[in-house]
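One chain, chain A, links the two complexes that follow: it is found with chain B in the first and with chain C in the second.
This part shows the complex of A and B:
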């Protein structure tokens, strides 16, 4: 790392050392001075920035007198502190009469076309424009002419409403679209008096990250369609939580009122999501307050369900499970918390003596033993570590859909840190209907047809292990010329030459579609990586919210060291239900009838199963075929932890009471266990988390109190004995 | 954005000559998108005098920029026609100097004569009329631009002669290239102005 040079600058009388070149607006934050601003945003580039002119400060610089002494020379006009790099001896004043006057004037300009309809604006109460006007603005305006009146509620996308009247043209949303999500679908049109932000020809803003523009907008111009007119900010309560829509583990805030989840905003975590969310997470969590939520336990009574007490339902489940004993089985759990999974595992292993547990729903998943054999015990690459990678290979993965926040980090690594991204994708990827594709920033794109994955992996391995002319200085020689015959025969289209790969750390992301079918791709690349001199990690990331937790806690037929013999996997369990070898099934939190790779098999198995208990939020297809349905608490209604795909254990907090008679899954499992005579004395998530830390080596350094707001990475697997 | 410029799906309307012309222009600059303005001129020509959504998309693909950035540029300059114009596009300067010299009366006279409002096109598709921002010939206000030609010192009384002058002259057709515009003095001079009566054509460049 290069040496950072520091300079001394004085801000309102306080002298502080800051890195040379840091923008003065940031330096002021270091001494506790917040300079009002609208367009400045630390994560957006300054291209098209410094346009709101709100952050003006007075600047003096030391200048040499003829006799050699130094004197301060004040710049004649105020400067924008968001674009003013700190320099040695600089003296900044933020509250002079000139600045007070300038801010008043700027706000008067910004409000010329702003409708000032704060009373009916969603943003009122949490609006930088409103706050700054109250604090720094003049009491009235001298502008008496007609304001502009563009359309008020223009539907920009499925999730975003655009109120053009309120826009102050700060370019934050356009810069988000071009700098961060990269789809660049927003820009200024008709520059001049009629300037407006728009998408191309008013087409739909199809970014998978469109919701972020609502959060970066410093006025009430970009609004959330689901949240619009549902609450005032001062009536909302906020709770820290974790997004459950994928395995990235984005830190979020749940805004709720009167027991109802109203909106999701990002919560800052530099290691994970920075301050972004994807639309899936921001707008997909409405299930927590869905009308169709289950309210009571249900027991099948002929063709219909009957609402029963928890006691009756739990006794019924306990009886059925104890009769099944080792012939009981468990499916799902990738959406349950670590605590849920730990107690469920105890119930099945210790109480029932069954290892028939599987959280995976795809076809022909490799066994845990095969995965360990092929990939060793490498820890996955953490999200933030991508910024340090020289090369990133994305293999058969629609990253923006499968792992949306990792997509933003990989893009940042490529665009801002100069990482070379190589993608090997099925040719159908080009036709995917969204705007956030790796192709836009990839160094090279290699397209293949289904079935050619192994050949492509072999070709990559060939290049990785030096199967090219080492004399080629920039490594841009035609790789196709030296590829093995398999690839030439596969008639693979190489988009462009593969760069040299041995000049720094490499992270390889393999899509679920590829690794869940066959380990040949990860195994081939792993073998090549082991021969390389540079560090190279093969990542087969988990995709569901706590799928990694299910891996860590061994919700797998052969995943547990305690089990003497492996149990049945998902396919075997479902077949076992048909032929009678599996006598009871617990389905946890997942609608397997819709999500299993073979829904037909699920329907047949559930119809013939002697006993099925389903835990669910609502009466999904699987639940309609169950004997007992137990209503679950949603993530907003209880406390616990998830393990994200980078093995980060993170806390989610209860936001509100469910208002209906639902329970956490760990409590349900413990209740059943106690009815079967095994003591599971857990009163809260803390008790269980403590037990996990005691029994699970990976969690050994975790305690309920050391997770913090940002979570904690599990102990590096390389330091463990083989699990 | 990495668009495959050789992909035939994107080679929509630009003729081989136009593509060659664009690539020669692109070669002059360090970045492809620097050739945006001439690329839009080519597009306007290739798409029959109108920059349609498809034209902007083609320019975006050929220069490797997002389409909305092309629209941002095209919507700034009035000489790019984002709407279908008549074959003769009459643009009357309505900026300060011309306004002081009563450009409003010129616009009004043209509206009367053509039977359309400013911003509209005649039913036969022959004439479009619009107000323009400063045409940069302030000493000769009111200035009227029709296609490749600039008319100076125009008053409401000159409107009939103006229309006679532009009828059937291909030089007055919709602009296809920025650097061919010439200044013109209407034959017969203008009332009250000590101007030569002969036609004066000179390169603006």
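This part shows the complex of A and C:
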């Protein structure tokens, strides 16, 4: 770390030491003074910033008199504190009569064309413009002329609606689009009084991160369409939660009212999502309050389902499972909490004596043992660590879709920290319709046709281990010229030359499509990484919300250390149902009939299966084929933890009562276990989490109370290779 | 008992008390109709004080549009938290109020209401008002949940001759058949 220089500045009479060059608006926060502002946002660049003039302060600088003494010289005009770097001896005043007058004037200007229709504005109640006007503005208006009336409620995309009248042209949204998500789909059109935020002519605002502009907009100009008019801020209660739409583990807030989830906002976690969410998460969690949610347990009665009591359903399940015994099997679980998985695993291993369990729904996934053999037991690269990488390689992964928040971090590393990003993608990715592509900031892009993955991996390995053209200068080498024959023959299209790769830490992200089909790519790269002098991690990240948790807890046929022989994997379980070797199936929280790679097999197996119990939020396709359907509580309705793809264990909290007869999956499993005569005395998620920490080495340092708001990374695997 | 004490402690006070009653009776009989304190409710009703606050109404503009815009400010101001508002978009096909937004659901739980009138004070459009109708007793708890339909004023219908004239009165008379 380079040495940070500190300077002394005085803000409203308080002297404070701050890093040189810090913006005064931030320094003021350190002494507890909030300077009103609109356009300033600490995560956005200052280009096109400092335009609202709300953050004015008076500044005096020490100046040398001719005789060598120092005197304070006041700058003649107030300065914008959001763009004023702190310097030694600076004296700032934030509440002088001039500033009070200036703020009042700025607000008057901003409100000239502002409709002030706060009562019907979705931002009303949490609106910086409203708040600042209340605190610093004039009580009445002097503007009697007709206001400008551009169109209201203009739909920018399927998620975002734009009220042009309310925009104060602070450029936060346009800077988000150009600095953070990088798609630059919002920008200003026209100038002066006609200036307006717009997506470009005839293009929809299709960014995969569009929801964030709703949160950064300091007024009610950019608003959420699904949330529109459903509630006011004071109607809402908020609860801390974790996004369930992918494995990144974004920290979110659930805003709910009367037992209904209405809105999802980002919750600050510098290590994970900073303060962003992706649209999948922000708008995809409405299933929690969907009217199609299951409310009562169902038992098949011929061709129809009959609503039954929990007691009857559980007895039925317990009987069927105990008859099947070791021939019972378990599929799914990538969306269940750590606690659910732990109790389910106990039920299958200890009570039924079955190791037939698999959380993976893809095609012939490599076995856990093979993965361990190929990749060792490295911990995956944590999200925040990407900012320290020199080189990031993205292999066959549409990052913004597969791991959306990691995409933002990789982009930040490339754009702000100067990391070199190399992507190797199937050429079909070029035609993907969305606007958030690694190509936009990649140093080199290599396109391949399906089947060439291994050749590309070999080429990369070749460059990684120093096989580059020795004549090339320090920067890029013409790697293509010195590639192994196999690669040259494959006639791969290289976008540009591969730079040297051995000059700093490397993180390699391999897409699920690649590593789930064959381990040759990760294995090739791993072998090369081992030969390099620089640290290099090969990441085969989990994709579903708690897929990593299922890996850690061993929801795998060969995931258990105790089991003598591995159980059946997903394919074998489904075939086993057909030929009668598997007698009962428990499907947890996942619609395998639509998500499994071979839906036909699922349909056939479920039709012939002697007994299938499905736990689900709604009556999905799998559930319609089950013998017993048990309604699950959604993430908003219970407490627990998830393990994200960087092995971060994070807590989600119950937001509201389900109001209907649904249960947590761990409770269902424990009830079944108890009916089969095994004591599973769990009263809450804490009991189970305590048990996990006792029995699982990776969780050893976790307790229900030390997860905090930001979660906790599991112990580094590199230190536990005694296994 | 000593007759002196009997007269002093019992008969005299009784006589005094009766005297008061009889004198008031005399006054009332003498000034019939003026100083009457009770009325023959429910056939007769008292005039309410001007600022009495009882049953809520959601009022309308003259043209029949609802004044309520579903802003939930009343719900925010309500100390008993007994108002529930859910808003929705006005469309060209279904317009309930001027502007973009109207109250799709509006409910007041009258059992919890303390008749403070804060909702009326908070309302930016003057939609919710508390009027003098005080007979709110009912037989069933759920009947105290006043819905929007119960709270809304009927649509004003103006008599023909008034509508034809150029000078329509500000507050149009309401027909009982609305």
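In this text, the second predicted complex is superposed on the first by the 717 of 723 C-alpha atoms of A that agree within 3 Å, B and C clash if a C-alpha of one lies under 4 Å from a C-alpha of the other, contacts with A are read in each partner's own complex, and residues count from 1 in each chain.
Please note the rule applied: a residue touches a chain if its C-beta (ideal position, glycine included) is under 8 Å from a C-beta of that chain, and two chains touch if they have at least 3 such contacts.
Small disclaimer: the values here were computed from a predicted structure and weren't measured.
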Superposition on chain A - do chain B and chain C clash or fit: fit
Which superposed partner A:271 touches (first chain B, second chain C, both, neither): neither
Partner chain in contact with A:178 - chain B first, chain C second, else both or neither: first
Chain B versus chain C as contact partner of A:108, first or second or both or neither: neither
Chain B versus chain C as contact partner of A:188, first or second or both or neither: first
Partner chain(s) touched by A:232 [first = chain B, second = chain C, both, neither]: second
More chain A residues in contact [chain B versus chain C]: B
Smallest separation of CA atoms, chain C relative to chain B, angstrom: 30
Footprint overlap on chain A, comparing chain B with chain C: none
Parts of chain C lying in touch with chain A, wherever the complex brings them together: 69-73, 75-76, 84-89, 99-101, 124-125
Chain A residues within the chain C interface of the complex: 117, 119-120, 124-125, 152-153, 228-232, 234-235, 258
Touching residues (chain side chain A, partner chain B) in the complex: 178, 183-192, 198-201, 439-442, 445
Complex interface listing, chain B residues touching chain A: 1-2, 53, 56, 66-69, 71-72, 75-76
